[in-house]
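The two complexes that follow have chain A in common; it is paired with chain B in the first and with chain C in the second.
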Partner chain A sequence: MLIFTLRRFNLFIFTMLLLTILSFSLSFLFPGEQLINLTGQIDASPEQLAILADEYQQQSGLLSQYFSYLNHLFHGEMGYSMTSNLPIATEVLNRLPATIELTCVALLVAMFFGLPVGFCAAIYHRKLPDNLILTIAMVGYSIPVFWLGLLAILVFSIQLGWLPSAGQISLLFEIEHVTGLQLIDILLSDSPYKWQAFQDATRHLILPVIVVALAPATIFMRLARSAMLEVLDTHYIKAANAKGLTFSQIIYRHAMRNAVIKVIRDVGLQFANLVTIAMVTEVIFSWPGIGRWLIESIYQRDYTAIQGGLIVLSTFIFIVHIIIDFVYAALNPLAREPRNGKR
Partner chain B sequence: MAYSTLTNYKLLTLLILVLSGCDSNEALSLSKKSIIYCSEGAPESFNPQTESSGTTIDATSNQLYNRLIEFDPTDNSIIPAIAKSWHVTRDGKMITFYLRKDIQFHQTSYFNPTRALNADDVLFSFNRMFDSSHDYHLISGGKYPFFQNAQLVNLIESIEKINEHTVRFQLTHSDSSFLANIGGDSAVILSKEYADELIELNAMQEIDMLPIGTGPFKFKQYSSGAFIRYEPHSDYWRGKSELKQLVFDITPRDTGRLTKLLAGECDVIAYPIAHKKIEQHPNLTLESVTSFNVGYFGFNTSKPPFNNPLVRKALSYAINKQAILETVYTGQAEIANGLIPTSSWAYDSTITSQEYSIAKAQELLAQAGYSNGFVMDLWAMPVQRAYNPDAVTMAKLIQADLLKIGIEVNVVSGYEWSTFLRKISDGEHQSVLLGWSADHPDPDNFFSTLLSCSSAITGSNRTFWCNKEFDQLIQKALQTNNINKRKVYYSKALKLINEEVPLIPIAHSKRYQARANNINGTLLRAIGGIDFNGVTKN
Partner chain C sequence: MARDKIYQEEEFPTPLMQLWHNFKQPPVVLIGFGCFLFLIVLAVLANVITPYSSVENHLDHLLLPPAWSDDGDVSFLLGTDNLGRDMLSRLIQGTSLTFGLSIIVVIASLAIGVVIGSLSALTTGIKSSFLNHFLDVILSIPSLLLAIIIVAILGPGLENTLWAIIMVLIPQFVHITRNAVREEFAKDYVLASRLDGASSIRILRYSIFPNIIEKLISQATLAQSAAILDIAALGFLGLGAPIPMPEWGAMLANGVDLFYIAPWTVYLPGLAILFSVVATNLVGEGMRHALKVRKEN
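Entry: the complex of A and B
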């Protein structure tokens, strides 16, 4: 397990190194003064710029410039937004929780829907339910997310008026920003309208979560289906069958756990995809997350924000990826220790 | 494990169904007594003295503050407000205001007033703008666009406190637009007590961002670019609002506002699109009011080729205003023959709009030495306003029009509104699509603000056109109370604009607003910003 952890840690360090090099070189590639791109201080006076140049070691070589940039990053200094003049770190901290909330709920929903349906398809292999599920999965995967989002708003918000179309919660509720995760903040708050606020926040969550979760759910369906088919074809299942276990016993006791492990390995990969979908969804549903902020920053040519947002978002994806790797290792002895068996 | 997964999923579904299904009575009371207004942009400041854009005025003026005198929403006549009465001497040079004694300032988490409004507050509010050595003059940049443009700095000789509730303005000369100016949206009264407290706390810049006023609502919270939360002022002198909250939901996209209105997330929206759809909806009402405004195509006269009047004139022949009116305003506006809307008394029907003639345009261009055309930038404002509901489309139409006379137009859009305005004030543009909504019914508000030399300095004259003859004409018009004489001066000024063409007036539009049927009260005004005082929800 120690080697496994070290290996993941190593990977993390190297990926972060590459990421920061990329982000640092972006400040050269963007039009305009490199120092200003890096710090976002567009209105700085020449004296202030001189101090900044000193801080970022502009007079020294590229390598020490890069290390001073890293040093600033480690202290949480990512410069200032060129449009709002607020520190990037503050902007990111205000918005990242909303994205975490949306993506995590969507990931759970996608798994809760995708896995059982995929297993179902495998159990009814090459029968009507299987074909039906595969067709639906294909359609679900092929729908462009921005179109689906707009369609969902058109039907459920505008025509039927069931669900709200924008934001995280109705503006009428004043919820104090503690963790940034809206549902948890509501439970922590002492507002007299707590219950109504919780309902309202949940209602706001439904449409964007469904839109984000649809494509990953269909992928999980297909992954779960093929994993289950693979497991059902193994010798130990045949042995269990020969021992006279009932079909449901085989599925619930033996097949399902092993199939889930195979799927979980791919969840980390799918998460990056899910975050990309979430960014588009945030724009459509005016979700106050980091994806929407990043896309707006691109529109506004806010280079400092683009660099900071890029680093934070990729770090977030990477951390989730590693967490899922650990979950996989915890569930699967083969992955963590070679001596537990052949891979 | 998988079995429990399925159970969890069922529980989750059940939870969601339960959550979305029921409503508690206590909760109903909050949304039933609160109004969410979807506005088109973020205010630049919470003090309309320092910023005269329509968005700032809408968000602050009538909600947070009062003026000495105000305009009657129905006929635009002057009515008492903080001043219960006033007296003008026969020579028009001395105006005395008698203040009400029962006006309380807002009590908020950051300020506790200990006294009612008195003459000191009025003096403070005006001296801040007039007296350049005043402690607060340079806070927030020292620009007071409306007052500087209206030339009040030169007009007012002194302001004195006669007693606790009487204030006297001494003017250098008689000015017929003075009362109209004092009643304008920017002439709000601030609290001197609050300002003094901020000096002690060494936080003077907060005066414009954490506002204290006497208006029907008080400031609660502002999330930059996202929303503003107001609460009713419980000691409001006209009577406390019945609302629990007033929230401005800042929604720059017009489709976003429409969606929120249809989905019931907004009670009232600014500048709606799809008028027919709203009219047909059983629960929604579309309202409009003919505003004192003008949408124009302005040239930066300090930059070539637009420093040449012939080029500007040539372009004025090449713009097909009728097509713009039908496409951009969907017919809900009238063609602007001059700067002044037809409903103003200064309107001169003998001055007509430039005819649409490509031949004349080409001839003038050739005279100016540009027979082969040129390439120009056209900045299109990024927000919707009554006077220009869709600047980008208008820019594209103008692009097509000008291509016919060999001019290639690059449309500049995509800046955020405050960035856009800053760059325009700095003169980075070559030409721009903008407009103006009047602060008060006096015609001077159009001439001085948009084209005078002094506003070229403060930045509201986006053309940077400075013409001595024009300035003299509008000065003379202000020195007399005789409307017939003023008409003659303004008529000459309009003719001068037609000859020199610092800008091409395009249309005077109606301002639209849509609201849910359960919102009662008058919100829209022909002049100035919206007003939520007395608006109720049931």
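Entry: the complex of A and C
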């Protein structure tokens, strides 16, 4: 387990190194002055710029410039937004929780629906349910997400009027910003309208989550189906069959657990995909998350914000990736230590 | 297919012929392949077969619904948009932008990716390990985020979007080429031609590429469906093709404000994207299935 942890840690360091180099070089690549791109101080006077240049060690070589940039990053200083003049760190902290909420709920929903349906398809391999599920999955991951979002708004918000179409919560409710995760903040608050607020926030969450979760759910269906087919083909299933266990016993006790492990290994890779979908969905549903902020920063040529957003969003994805790796290792002894058994 | 053995001579189909033979078995895949070819024909002949120009305004026919509706006009089969432009013409022109350009994008990144991938498969040691890690990092950044950053550097516009998507797609081709070439290099037939004195480049050209080409094509179909969705998504976000261009994503963005009074301006481009992505995915699915069948035999 120690080696496993060290390896993951090593990978994390290497990844962060590459990412920071990437974002540092972006400040050169973006149009305009490099120092201004890096700090976001567009209105600074020449004296202030001189102080900043000193702070970021502009006179020395590239390597020490990079290290001073790293140093600033470690202290949580990512410069100032070129449009709002607020520190990027504050902007990000205000918006990241909304994205975390949306993506994590969507990931759970996608797994919760995708896995059982995929298993079902594998059990009825090459029969009607299997073909039906495969067809739905094909359409599901081919559908353009912005179109799906618009259709969902038209049908469920405008025509049927069941669910709200934009935002995170109705403006009537005043919720104190504690963790930033709306649902948890509501539960922590002592407002007398706590439950109404909670209901309202949940209603706002439903449509975006379904839109984000659809494509990953269909991918999980396919992953779960092929994992289950692989497991059902193994010798221990045949042995269990020969022992005279019933079909449901085999599925629930033996096949399902082993198939779930195989799927979990690939969840990390799908998460990056899910975040991409979430970025577009945030724009459509006016969700106050980091994806919408990033896309707006491009319209406004806010290069400091793009840089900061890249670092934060990718770090978030890597952290989720590593957490999923650890969950996988915790569930599967084979991945932890080779001596636990042969593959 | 039964083949009568009249002659003693044995005939070995090339890997690509074998692939085609397995590929055409399931009818669904053939339908998908037909749709794919249909889209290619549309994309090539777009300028010839459209009834109107994609930017021509018909000011007395604004927001005309499709012909099957009561208010429709059969000379505008799929209706018109808010500036009186014929939807059918715009959709067909859009095929050559969204679908046709996605093919070009994939071919370009395939070519670059294969070159880098096969060169990196020939190197060993710390260089290749660094490249491996580097690719892992790039592959785990969301493709749209990467494309957005590249667009931010280059500035918005259709051409810059295409460069961005080419760059985003390269790593996966490098990855798959590298692994496939490595796998083939370990096989005995490569050793045999190496003992004959063939150089690495020659082995790559004559022994390895014919054997991995179908893997590359199947990856290319996956990449193409991603490319279509990315071009359309960037167009929709206003970072890709400018609004007057009949690119499907930009058309959708143009129709959003009219969604409630003229839903067809949003339905139709969306359906076009869905149709082309499903056709591409069906072809890719058939390809992977055919590869699997061949491996099992």
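Brief remarks follow.
Rule of thumb we're sticking to: the second predicted complex is superposed on the first by the 342 of 343 C-alpha atoms of A that agree within 3 Å, B and C clash if a C-alpha of one lies under 4 Å from a C-alpha of the other, contacts with A are read in each partner's own complex, and residues count from 1 in each chain.
The rule we apply is simple: contacts are C-beta pairs under 8 Å (C-beta built on N, C-alpha and C of every residue); 3 or more make two chains touch, one makes a residue touch a chain.
Just so we're clear, the structure is a prediction, and the values are computed from it rather than from any experiment.
After alignment on the shared chain A, the placement of chain B and chain C results in a side-by-side fit free of clashes.
In the superposition on chain A, A:42 makes contact with neither chain B nor chain C.
In the superposed model, A:26 makes contact with chain C only, not with chain B.
Contacts of A:147 after superposition: chain C is touched, whereas chain B is not reached.
Using the contact criterion defined above for the overlaid structures, shared-chain residue A:192 touches chain B, although it does not reach chain C. Contact with neither chain B nor chain C is seen for A:240 once the two complexes are overlaid on the shared chain. After overlaying the two complexes on the shared chain, residue contacts for A:158 are found with chain B and with chain C alike. Centres of mass aside, this uses C-alpha centres: at chain A, the angle toward chain B and chain C in the superposed model is 90 degrees, to the nearest 10. When both complexes are overlaid on chain A, the residue A:257 reaches chain B alone and has no touch with chain C.
In the superposition on chain A, contact is made by A:299 with both chain B and chain C. For the overlaid pair of complexes, the smallest distance between C-alpha atoms of chain B and those of chain C rounds to 5 Å. Where the contact sets of chain A with chain B and with chain C meet, they give residues 158, 299. Listed in rising order, the residues of chain A touching chain B in the complex are 83-84, 86, 112-113, 115-116, 119, 153, 157-158, 161-167, 170-174, 192-193, 195-196, 198-199, 202-203, 206, 252, 256-257, 260, 286, 288, 299-300. The residues of chain B lying in touch with chain A in their complex are 1-3, 5-6, 8-9, 12, 16, 19-20, 22-24, 26-27, 30-31, 34, 36, 221, 224-227, 229, 245, 247, 249, 251, 256, 259-260, 262-265, 414-416, 419. By the touch rule above, chain A contacts chain C in their complex via residues 11, 14-15, 18-19, 26, 29-31, 138-139, 141-147, 150-151, 154, 158, 269, 272-273, 275-276, 279-280, 283, 294-295, 298-299, 303, 306, 310, 313-314, 317-318, 321. Across the complex, chain C meets chain A through its residues 133-134, 136-137, 140-145, 148-149, 151-153, 155-156, 225, 229, 232-233, 236-239, 249, 252, 256, 259-260, 263, 266, 269-270, 273-274, 277-278, 281-282, 285.
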